[in-house]
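Given below, in the form of structure tokens, are the structures.
Consider the two complexes below, in which chain A is the common component and chain B and chain C are the respective partners.
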Partner chain A sequence: MTAPRSIELICPAGTPAALRGAVEAGAHAVYCGFNDETNARNFPGLNFSREEMAEAIKFAHNHGAKVLVALNTFPRAGTFWRWSKAVDDCARFGADAVILADLGLLDYAARRDCGLRLHLSVQAAAANADAINFYARTFGVKRVVLPRVLTVQEIAAINREIDAETEVFIFGGLCVMAEGRCSLSSYATGKSPNMNGACSPASHVEYREAGGHLVSRLGGFAINRVAAGQPAPYPTLCKGVFEAGDYKGHVFEDPVSLDAAALIPQLNEAGVTALKIEGRQRSRAYTEAVVRSFRRALDDHAAGRPIAAGDLRALTEGQQTTSGAYRKTWR
Partner chain B sequence: MNAIPQLPPMGAAALRLAPLAPLSFVAARFARSLGRRHPALFARLGEEADKIFLIDPTDLPLAFRLLPRPEAPRLEAVRREAAGSWDARVAGPLAALIGLVHGAYDGDALFFSRDLVIEGDTSAVLALRNAIDNEEMDLAHEAAALFGPFESLARRPALELAAFAARWTGVALTRPGQGTRE
Partner chain C sequence: MAESNFDLTLGPLQFNWPAQKFVDFYAAVADEAPVDRVVIGELVCSKRAPFYADRLPEAIERLERGGKQVLLGSLALVTLERERRAARETFDQTAHEVEINDLTLMNWVRGDKPFSVGPLVNVYNEATLAFLAGRGARRVCLPPELPFASVETIAKASRDIGVGIEVWAYGRMPLAISGRCYHARARGLSKDSCQFVCDKDPDGLPTKTLDGVEFLAINGVQTLSFKYANLILDLDRLADAGVAGLRLSPHSGDFIAVAKAFAGVCEGRISPQEGLFRLRRAAPQAEFTDGFLFGDCGAAPLPAF
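Entry: the complex of A and B
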């Protein structure tokens, strides 16, 4: 085995407090978004005002960390100005990179040539070398966040054929669909992460406790009923319980979270540049605990020490974890 | 996650007998002080600041109605059965609710483990959770701030009282790692 290459740890921040927590816990870079529909975590009370973003970038830079701003939703007709202004503001504030998905916005940012590094969001769902090379050649994209549907072997094959860095998810909520193309949330609520920045928006979610059972409704549809003492999932259709023929259960995917810490050496060997922690919608407590655990794991790996298993299950959806598609053992 | 401490039954029984008026008086002053000291909290709430929240510590014989109006925030202690109407209810052990304020617990994790119950307007709950998380408040320091110009004198006794109460009840009343530091 060759010596480990240095891997970047990319950490989530939904608030300025979470950003400070991530940086202090050892993040190499933090990704975050403005408090509007330009990013795919447009939740109530979350994200950064313009002033907060400018201050957060200064704070991160003063502590040796980078800030990557997610502008990874798809502008609707007539509203492109909101996304292009966000690109301009990122350049003005000195952000290190913008994470984009929309072709028009990529074109704008590339032509604007304002010194911002362009990263391709997982929302673009670029899952093969040809697609990635197109983005790199056409817009000068330097890094691609790969969809969570690839095995380690597929990631290695892609890295051999592309002239861009790759970033992969290492921990957190697991989106089982082709991101940027999933319309499940739209079916139930009329709103989607792709266009409105929120999957299963809170405005359409209702919880009710009845006889110890927790009933979750999305857009008026009952999508789950969890018995007393059982872990509760997020109120997304993909984690809902449905009847199909004689089967009743999680049709799409069990409520479970990604934890691929054990695969850090293999992902390193596969040529991955950066590991991404999901969870901009989570608290500072989550951010600090997860970032600290993964920074320790990366430092152990870089020093040639075995990676100690961290126990982050209590923080995860379903209170259980999986290595996801990296090892294809799904049903 | 470690088991969340429950308030000892003796403490809950004492509160059951206690009159609510003094508690509501302190709570009202506390809310006004928060409004002055943490304006960003209310700004982050946006339009959800118009909602009525029922903060319901399930191991206490009472709950709190919170009306986080930026210009005049209100917090009042109420008996659960007389709580009136509300837009959103957040219920859980007192230690969990205070732990959320202090950043000791993650709200989603408490929801996954069923230690936290959310009812009503989910958007309002999320906004409140995120706004509070960003403020990095310490309730013992906030209590000391109620003494106005004597805040610096009140801080050490407040922290020591918080530490004593935490030892007796198991409910941490300061942010993790803060202890009785000033």
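Entry: the complex of A and C
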């Protein structure tokens, strides 16, 4: 085996405090968004004002970390200016990259030629080398966040064929659908990740007790049922319990989250440049703990030490975890 | 309603039908369905394609004899080596216009050969439309989730750049695509050993909530709406907005009647209400919606009239 290349750790920040926490805990880069519908985690009380973003970038740079700004929703027709202005502001603030998904916005950013590094969001779902090369050639995209539909072997094959860096999700929430190509949430609620930056939004969630059970609903559709008194899972649509023919259960995915820490060596071998932690909606304490743990794992790996197992289990809050599509049997 | 100039496009079959049913369906469309354009080819799962690949030429030839413009549609999610090869061949080895459903195919578009863009490509705004038009797109079917205000804005922009805008007017709507096969999962199988169980459900496998409410329909790696989009009551508004085409997505049952109902309303021969009545008769099991365009959410029921 060749000596491990160094891997970048990309950490989420939903607030300026979480950003500072992530940087202090050892993040190589932090990704975050503005407090509007230009980013795919547009939740109440989260994200950065223009002023906060400018300060956060200064803080990160002073501590040797990068800031990647996610502008990864699809601009609403007639209000494209809101997204193009966000690109302009990122350039002005000295962001290290913008993470984009929309063809029109990529075209705008590439033409504007303002020196901003362009990353392709997972929301663009570029799932093979040809698609990635199209974005790299056409817009000068330097890095691609890979959709969560690929095995480690497929990721390695992609890296042999492309002229861009790859970034993959390593920990946190898990989409089971190709991201950016899912309108399940807007079918049930009218709010979509692509347009509004929110999946299964809390504004459409309802918990109601009936017949000794607590039923959680999304947009009026029953998504989960537990015995009264038991903790009710948040009704994320694709983690719900449904009935399909003779099958009754988690038709799409169990209520699991992604933990691919054990695959760090293989992902490194596969030529991945950066590992991404999901969870801009999480607290500062959570973010810090996850970042610290992953930074230690990466440092151990880089030094040729085995990666300590089990360290991260406490952070999944008792949830089951999966390595998702990285292993072929998941499909 | 007054006569309107919509083209009718038959979208690619989303389901896994036996080869003979596939051929018979397109023969009937060729001979009897009043549609202008037909998109044909595997959209959902490349494992299904070999079952009917050798029957495609006869289906295409029959459609062209019936006066339809035939387009080859691409796969929605290209990951495997053979899928990439097939995507490239779709462009390089055909005289037909291609409808792309994955941006992988943007690698193979050439300025001298116009192409169409299917509803699984994210065209959410006029800037994306302009980019694609600049690369040779001349027809774009918008994603079903777009609200009417977006359709209006995009259709307005399309007039100046010579692109026709189409909307998903009939049939179960594609809501998601995955690396995982849910048909296989529901039967305790995996995608690689799926035994092609999706062929048991010619219109997808209805998926109910815990309350027994019909909600979604599983179709292999694809998830569809349980409800059928149905814009037959909305054609005036769509015409006013400058929409050029209506997409009808194939289902089992009397699909020729579905196409005739839309054509009848477009040509002003029957009322929208009569059209809806005929659609209900053609698909008695279907629940209809125009919610993404005009309602609070994609599953909102058709308003009573």
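Here is the rule we go by: the second predicted complex is superposed on the first by the 308 of 331 C-alpha atoms of A that agree within 3 Å, B and C clash if a C-alpha of one lies under 4 Å from a C-alpha of the other, contacts with A are read in each partner's own complex, and residues count from 1 in each chain.
Everything that follows uses one rule, which is that a contact is a pair of C-beta atoms (placed from the backbone, for glycine too) under 8 Å apart; a residue touches a chain by one contact, two chains touch by 3 or more.
This one's a predicted model, so the numbers in the text were calculated from it and none came from an experiment.
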Partner chain in contact with A:328 - chain B first, chain C second, else both or neither: second
Contact breadth on chain A, by residue count: chain C or chain B: C
Contacts of A:176 with chain B and chain C, given as first, second, both or neither: second
Partner chain in contact with A:190 - chain B first, chain C second, else both or neither: second
Which of chain B and chain C A:229 touches, first, second, both or neither: first
Chain B versus chain C as contact partner of A:305, first or second or both or neither: neither
First (chain B), second (chain C), both or neither touched by A:92: neither
Which of chain B and chain C A:15 touches, first, second, both or neither: first
Residues of chain B that touch chain A when the two form their complex: 1, 44-46, 48, 100, 103-109, 111-114, 117-119, 122-131, 133-136
Partner chain A, residues of chain C touching it in the complex: 76-79, 81, 83-84, 87-88, 102-104, 106-107, 120, 122-132, 143-146, 149-151, 153-154, 173, 175-182, 185-187, 190-192, 205-213, 215-216, 218, 223, 225, 291-292, 295-299
Residues of chain A that touch chain B when the two form their complex: 14-18, 43-46, 201-203, 205-209, 214, 226, 228-234, 281-286, 289, 314-319
Complex contacts: residues of chain A adjacent to chain C: 74-78, 80, 101-105, 107-108, 124-131, 133-135, 138, 148-150, 154, 157, 176-178, 180-184, 186-190, 192, 194-195, 215, 219, 221-225, 238, 240-247, 251-253, 325, 328-331
